[in-house]
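The following block contains the structure, expressed as structure tokens.
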Amino acid sequence: MQAIIKPRAAVGLELADKPKPKAGPGDVLVKVSKTGICGTDRHIYEWDAWSSGRIKPPLIAGHEFVGIVEEVGVAVKSVKPGDRVSGEGHIGCGSCFCCRTGQSHICAKVDILGVDISGCFAEYVVLPETNIWKVDPAICDDQACLFDPFGNAMHTVMAQPISGRQLLITGCGTIGLMAIGIARVGGADRIIAVDPAPVKRELAKTMGADEVLEKADEATVKKLTDRDGADVLLEMSGHPHAIVGGLRCVRNGGDVSLLGIPADGEVPIPLAEQIIFKGLTIHGINGRRMFDTWYHCESFLRRHPDLIEPVISMRLPYHQFEKGIKAMQEGTACKVVLNWNDEA
Amino acid sequence: MQAIIKPRAAVGLELADKPKPKAGPGDVLVKVSKTGICGTDRHIYEWDAWSSGRIKPPLIAGHEFVGIVEEVGVAVKSVKPGDRVSGEGHIGCGSCFCCRTGQSHICAKVDILGVDISGCFAEYVVLPETNIWKVDPAICDDQACLFDPFGNAMHTVMAQPISGRQLLITGCGTIGLMAIGIARVGGADRIIAVDPAPVKRELAKTMGADEVLEKADEATVKKLTDRDGADVLLEMSGHPHAIVGGLRCVRNGGDVSLLGIPADGEVPIPLAEQIIFKGLTIHGINGRRMFDTWYHCESFLRRHPDLIEPVISMRLPYHQFEKGIKAMQEGTACKVVLNWNDEA
Amino acid sequence: MQAIIKPRAAVGLELADKPKPKAGPGDVLVKVSKTGICGTDRHIYEWDAWSSGRIKPPLIAGHEFVGIVEEVGVAVKSVKPGDRVSGEGHIGCGSCFCCRTGQSHICAKVDILGVDISGCFAEYVVLPETNIWKVDPAICDDQACLFDPFGNAMHTVMAQPISGRQLLITGCGTIGLMAIGIARVGGADRIIAVDPAPVKRELAKTMGADEVLEKADEATVKKLTDRDGADVLLEMSGHPHAIVGGLRCVRNGGDVSLLGIPADGEVPIPLAEQIIFKGLTIHGINGRRMFDTWYHCESFLRRHPDLIEPVISMRLPYHQFEKGIKAMQEGTACKVVLNWNDEA
Amino acid sequence: MQAIIKPRAAVGLELADKPKPKAGPGDVLVKVSKTGICGTDRHIYEWDAWSSGRIKPPLIAGHEFVGIVEEVGVAVKSVKPGDRVSGEGHIGCGSCFCCRTGQSHICAKVDILGVDISGCFAEYVVLPETNIWKVDPAICDDQACLFDPFGNAMHTVMAQPISGRQLLITGCGTIGLMAIGIARVGGADRIIAVDPAPVKRELAKTMGADEVLEKADEATVKKLTDRDGADVLLEMSGHPHAIVGGLRCVRNGGDVSLLGIPADGEVPIPLAEQIIFKGLTIHGINGRRMFDTWYHCESFLRRHPDLIEPVISMRLPYHQFEKGIKAMQEGTACKVVLNWNDEA
């Protein structure tokens, strides 16, 4: 089968011919229809510090997908060939404390699709039955292949109450933009979005932001909010200035959810002044809750099909994947969807 | 009346004669019986960066007390002369969002007794009725004058579930030690306490710690716990090494409550590795919840009168307060109680 | 001043001339602009079992209002003459456990405006400062005088998560209808509303219900929902059939909030089958959380001014109050607003 | 192998010879060491209305056990022959909303060991790997075979906060007694236990109750508590009088957890007066949370080995099971443990 692989420890991804995988007794073999390119895939392409430390080539990349079940293992009960499915790319060990108490998204021994094990940038992908998600017919393939990043946004937004609260969202990449849309239809009051790029600020307005700012400025945010600061900060950029600037914009007693990953190891945080005295609660966000977040995404996508469309900048046949990555690098593309169907 | 005051912007506190205060219509005048010396009082004595930036001399110091109601304002309904009372030293504005939603402990305009307004290191102190707490007869004066720091410990411990969980407590000063005792009788599983001072580690064992360590060492804590790290970190030291070392000791999905105040402005935090990827929740802790924390303290102190006694190192008549502060500076005293009764 | 009073222990309310009340030191005197007639007022008018057991005539009725501050007591700090205000009609004792832990809406010694003490169906009303709510200029008088029932609806909806969940709402009176609107803009997924009256079902659709039913029928609700039943039941009718029928429509693990008051003392509940085996959580709802619910209402009303308008059926000058009560009795009116302004 | 079975639709259980079961690819075959007799087993013995409606004979009874893994299916990864294990008897479907969001204990299609499928009253029992629990070496067999009822008690106690709160526990059978012990070491304040039988009240004191009463009397409980009633009611009896009497004893804003199963279908509940006006929260409790409750039990049993011993009244070789059931019927036995080891 055709697959997009990291062939060796160097910059780049390549198209290659790989053997079609087989489903074990508890597994599901999926014929891939569409996939999304994630920022993580771009890091793997660029072979940055993180990816060169974690990825063991050769490896099939990719973790955002939708497809059709082709074959199931003997022990599989809940899906059958022909079902349209997506899947959770975090594969927990199944037996640790986190896995047995509903937190397998943060299992310490997690294997991630397209990072630790063969991914979905291929004509076929295999996942354990427990990680398969049947897609509601009301949700089209272009949305369904993006459950993973949409779920990151949902998980971040729903990590604290947002109903009737005033939000600051720093970073308007794909996930930040989807978070704006989710918060908007999820009952948030005023939403202030921050991004240095004018095009992203424009998209932020499309998604439902009331105000857009170039940076997280304390005085401006306090003026735009009722309670001497935002009730909630959703940090989606990973930039130290946005993180610390964002904290300064939050009112006493507020909530902060951190999803954006700082590039460098450590971020100097004014702990006493900005977290302890203010009585903030900080939520570290990783992955998606299985499967609370997935059900939540399903509900929102069925009812609000416009929550994803604006962030899709490009649709390409899979063999043109490099064009998509270049566009992401140049900042001209937000989300890129690859088509793996024969007719593509 | 006699009072311990900060007379001018310089090191030291002095005994002085001050006019007896008057209760306004909504206030309560209390004849002070006993007071506790807090680390904050020591900072005010030493005139450090924080106190010289905030305190406006002359000021009567002190915020930990118990006493007898002497007089009440015309509008006061819930207490009467002769009642034995302590009081919450954080006086919220009463009309902001935090004050009107049960979070006046983090009111942005809070006035703190003995910091922003006249304190309780005096024969008499005045508080608004809303801040007065009637003391249960089963709780003796030496415990009752320490509701404030005991409440800090209670607030920190109860900021997340602790029942059946394995705890790491970094910093065994007065509040850290009381937190150990509270967690012990509150249903915690294994408690690991950390302090560089052998005498504090000894006290930690007295309070109920299962294990004591000189520092928060990841490998050791992971070995001592079941789930590849502690479920909960209670950070009571304010030391950057303890904070970051403590974070490394917490399992994925764990809780962290920060009470200790770092001396310097910023602490470099490995946000991605230790908070975001691990899905931690961080709780900034300040003051005591009014009055949830006070009721909780009352329940625990009535049933477990031994939760405070071991941390009281010294009992002095009030005019010997300087002896107490010196002992705190030398590290030979944990909590010092001052007696303001005539017979003292 | 003019007031609508219950003059004696018998059916009816009367217009009467009463002395203008005075504000005590902690009180606020309000010149009333508009008031809403509540179902409770109708019960008082009809002198039913509940009201004849609780009301001590003579009494000024009414608890839903907006007006302008005319005068404040000497101790009042947060409002001043000229401020436009509404107010919380549940006046807690201020010193019990509930009052001191943010639950004064369920204080066991609560005094309710227009029930236990002089109400707001008058040209002037007095409330303690702590119960006064300053109204945002963006919220018009007709909405502002209905914070009380809108707050009941908000409190009921927000007693459990509703985002992305499928709701069954039984009873489409004023509060049920407002609950539909709140749930709609608050992020609920499918909303199924139940009422025997066709006109109410029509209004339910206007407020945002996806489906309307004559009764809570288990088979129909299970067909209309994804998870073998509704995630949440909001019971607003008080009818035993709706309560038990509603319980049968809720999926295992769901939430139920009960606001509607059954007329008779006891309701036979299939506890084992419908609550225990199913692992339901039942929330008894009374009043509004002070002031969390009020802030929440403010946010929603500013952003969605259409959440109240459809339930106002009638606007009358205050002296025509009886016309409003008759219309409520005949079922031709939902909410009736009385105008107390001179120009009315 | 030897097994205790319900051979036909009639009163009684019998010892019989049954074929040794086989483990499927995802299953674990356990050689049973000890089992507990549950009230459910007694109902099955007595062939009451519930059991005759649900049980399809012939069936091996029993769901409380500990044993040694004999064999595992090919897909099993987390346990191996020789491991000492217990197991969760509620076997969820694995694919419904409840199962995929951490609530498989209330899966609507649950199969219960010894009720819907072959149970553990046998020399061997088979369970899916996902339901197996490895037992900590610090927990002896007599405790380990009772994780199921101990977990019911834990689940009920931990369904609401209990730390520092005053509890009323109605019904001092096995689970009620264990709940008293759990609440005691879990940080509860005053515990009031109710049971009509003097021997049970005596055991309740042994487990840590402060007060014991013959019935849930409102006046007495209000006198024994601080806040005009208990903060929490744990209902373990299923008796309508205890349920309604218990509700009357709870303060406004309190929590109620219902575990006891009323024998008859419906219980008349004063909904308005006791639940709605008081703002109570009612938790229906079924089974144990997988596996949060199991971890919690493990922590408590390791640290407090005395939490189970007092409720074990009888230890018998398995073939004398009928003697145990008789003792339960006569009220002379609380929990009966059966020994399946050869040496027994």
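Letters A, B, C and D name the chains as they come in the text, with residue numbers starting at 1 for each one.
Keep in mind that, in the parts below, contacts are C-beta pairs under 8 Å (C-beta built on N, C-alpha and C of every residue); 3 or more make two chains touch, one makes a residue touch a chain.
All values reported here derive from a predicted model rather than from experimental measurement.
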- Result of counting contacting C-beta pairs for C-D and B-C, higher pair: C-D
- Message: Between 0 and 180 degrees and rounded to the nearest 5, what angle rotates chain A's CA atoms onto those of chain D?
- Response: 180
- Message: Rounded to a whole Å, what is the gap between the Cα centroids of chain C and chain D?
- Response: 41
- Item | Shared interface positions of chain B, touching two or more other chains | 97, 295
- In the complex, the residues of chain D that touch chain C are 96-98, 103, 105-108, 226-228, 238, 243, 251-253, 258-259, 261-262, 265-273, 275-286
- Message: If we count contacts the way the header does, which residues on chain B are in touch with chain C in the complex?
- Response: 25-26, 74-75, 77-78, 94-95, 97, 100-102, 290-292, 294-295
- Item | Touching residues (chain side chain B, partner chain D) in the complex | 158, 163-165, 185-187, 189, 295-296, 299-300, 302-303
